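Below you'll find a set of structures to go through.
Common to both upcoming complexes is subunit A, partnered first by subunit B, then by subunit C.
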Partner chain A sequence: MAKEIDVRGLSCPLPVMLVKKAIDAGEVEIKVITNDSAAVSNVQRLGKNRGFRVEVDKDDDNIILLLKR
Partner chain B sequence: MSGKFRPAWWVITTGAVFGVLFALLIKLGNPPNMGVCAICFLRDTAGALGLHTINKLSYIRPEIIGFILGSTIIALITREFKATGGSSPLLRFIIGIFVTIGALVFLGCPIRMLGRIAGGDWTALEGLLGLVSGIYVGTQFLKAGFNLGRMQVLPGSNGWVMPVIALGLLILFLTRPDFIVLKGTHAPLIISLIAGLILGGLANRSRFCTIGGIRDLILMADTYLLQGIAALLISAFILNLILGQFHPGRFFIAHTDFIWNFAGMFLAGLGLVMLGGCPFRQMVMSGYGNTDAGITVLGMLFGAGVAHNFKLVASPAGVPNNGKAAVIIGIIILVVLGFTNRKFDNRG
Partner chain C sequence: MQVLRQLPKFYDPKIIVGGVDMDDAGVYAINDDTAIVQSVDILTPIADDPTIFGQIAAANALSDIYAMAAKPITALTILSYPPKKIGVDTVVEILKGVSEKVKEAGACILGGHTLRNQEIKCGLAVCGIAKPSEIITNGNARPGDKIVLTKPLGTGVISTALKAGCAGSSVVNEMNRVMCQLNRYAAEAMLETGVSSATDVTGFGLLGHAMEMAECSGVSLYINAEQVPIIKGALEFARQGLFPAGSIKNFEFVRDRVDFAQGISEEVQLLLCDAQTSGGLLISVSENRVSTLLEILKKRGIRSVSVIGEVRDAGARRIYVR
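Presenting the complex of A and B:
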């Protein structure tokens, strides 16, 4: 079960900080919900640098990132 | 991020173009070591609108109009223009005022600080030390849970307020009604405007931010935005050398008071981490519909008027006592906010 982190509406750098905290806590599958393109690229960069595969999925209002080790 | 270096070309390009334009705009008429300064240019714009009465520091800076509208244009093309806001707008307005006071006690926003260093003004290094210290304290508040609350998606018209204000400023510039004062030294309108549009557009894509560069390095060992800062410093330095504008050890529109160079930029650095980006970045964000950034820019504009009317602003002669008091008050208020705005979440 992926750990879910909702970062909608949070401004930089809080989205990345929350995801980093989850990675540091040893999570191997993280689902990030955002609606901000800056957060998308920041979280993608963090995930890739930490050895995660990052899938990006969009619906009408939100962008979902799935980080898997 | 595990120390891996990946060149980030968008942000490097933004920084390099920034450095080139910084030096060129000085050559073409902007004040010495002030090719671009987000805070000083807001201050000049405040004067032009009558928010303070120092005529030689009064000019609607076309660069600022360009920062906002350049970002708007790119956001419309990429379909990323979206009205958002509601994350402690009044607090952002107040923090914007104190950031401006701090920057005007130092005499420059973080971008002008870099440009001053690239021009050989070593007193700006005192400001850099203060800025980094302020950012460091800010990151400690972030780690402890500081935040200003989540922003929400707003009705679309909200997002257009800042772009329309920017357009309005351009119309005031062109029509010159008699209540507008245009006296400051400056580069030609069209060049300043195009430079602003280019920088606003580039920064919209790269998210170039001086505060973010230092903050992310301290917080996450992430060098993405820092690469832009390095590119700006290097390109401004090279262009200054070529144009005969590199004067090691000399300073223009600056002062040598270490404590207040440090303290002014400490206040600015702390406040700007709380706001999530440097003054230039706030303008770029306000261009794509972020009304929290918009209210911050208006707070900075208001703060510039306050800073001059209350005689807080430094000059080459030094920092007035009113300015020193205001910096101390500002630091106290921001530290109180840092401790009181923790662990808040208005989700749902």
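Presenting the complex of A and C:
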């Protein structure tokens, strides 16, 4: 099961801080739900630089990032 | 610009640079010898220390005057703060910082305005003077000119790292030193050398302000990414995804009009768009004067100055990053 982090309504740097905390805690699969394009860009960058593959999916209101290692 | 287009325009032959010109400050000729140069800029706290925040707010507001090669003479301070959360001591510290920088600029504070608000904000409305013939706009970069940047980039990403609790004291101190540095010395060096064009690098990032210079001048700018000075530590924070939302918006806004060479990493592309507070001057200067400019800047103690590129005839894109 992917660790789910809902960062909707949060602005940078909070989304990245929460995802970083999960990575540091050893999570290997993280699902991030956001509605902020800056958070998408920053979380993608953090994930890639920490050795994760990052998939981006969109629905009507939200953007879902799936980080897998 | 979207808003400005909908407003009535002011026509007066004495307006040399007006609100629609996408420049750093407005310029109005009082007579043939003297023009007044005016600008206002307000910041939310970017430093934990109130005095340093005041210094940065002042240096940032004064910078618009310096970007036109004018001399600031008077300033009005604008401060908003929540009286229930912020004590008088802190207010005094912030205003002390403002006063110190305005003194260093050789200008006077004539007064100001304080208002109660949920958020702390501090800024200045600054008035400067210049000879109309000596005003330097952002619309006169000429093909063949060299492009000089007088401060390193990275204040947006480092201040976000500071908010996230990731930035150590040495990198924060260096960022504060950069932001507190007045552009006065760079402006004086421009006047002494004689340059084509200038602007200051602030909220739109290096590429955003370079884009304005290129568009207003009808040229293309070639920027050598390796030559762009960056505050030590900023690249690492960039890799950790610590850009402020403004920097990412800047990048999205300019990316279609910028030609990035292959091999320029996305982190570096974004750093070139990082929203700066109290950034340096971006100066376009003829090739035969660039060494004079660099010498004068060095003599005045300006560190991290770099020739970051050159101006060419307008190409398919406004900016080429190599």
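Observations, loosely collected:
Basically, the second predicted complex is superposed on the first by the 69 of 69 C-alpha atoms of A that agree within 3 Å, B and C clash if a C-alpha of one lies under 4 Å from a C-alpha of the other, contacts with A are read in each partner's own complex, and residues count from 1 in each chain.
One rule holds for everything that comes next: a contact is a pair of C-beta atoms (placed from the backbone, for glycine too) under 8 Å apart; a residue touches a chain by one contact, two chains touch by 3 or more.
From a predicted model like this one, the values you see are computed outputs, not experimental measurements.
With subunit A as the common reference, the superposed partners subunit B and subunit C clash. Residue contacts after overlaying the shared chain place A:35 against subunit B, while subunit C stays out of touching range. Of the two partner chains, subunit B is the only one touched by A:8; subunit C is not. In the superposed model, A:17 makes contact with both subunit B and subunit C.
When the two complexes are overlaid on their common chain A, residue A:49 makes contact with subunit B and with subunit C alike. Touch counts on subunit A: comparing subunit C and subunit B, the chain ahead is B. Taking the listed stretches 146-154, 254-262 or 290-298 of subunit B in turn, the superposition on chain A shows a clash with subunit C for 254-262 alone. Subunit A uses residues 11-13, 16-17, 20, 37-38, 41, 45-46, 49 to touch subunit B in one structure and subunit C in the other.
If you check the complex, the residues on subunit B that touch subunit A are 1-2, 4, 6, 80, 84, 87, 142-143, 147-148, 150-153, 207, 212, 215-216, 219-220, 222, 224, 276-277, 292, 347. Listed in rising order, the residues of subunit C touching subunit A in the complex are 160-161, 163-165, 238-245, 248-249, 252, 266-267, 270. Subunit A contributes residues 11-13, 16-17, 20, 36-38, 41-46, 49 to its touches with subunit C in the complex. Taken in their complex, subunit A has these residues touching subunit B: 6, 8-14, 16-17, 20, 35, 37-38, 41, 45-46, 49-50, 61.
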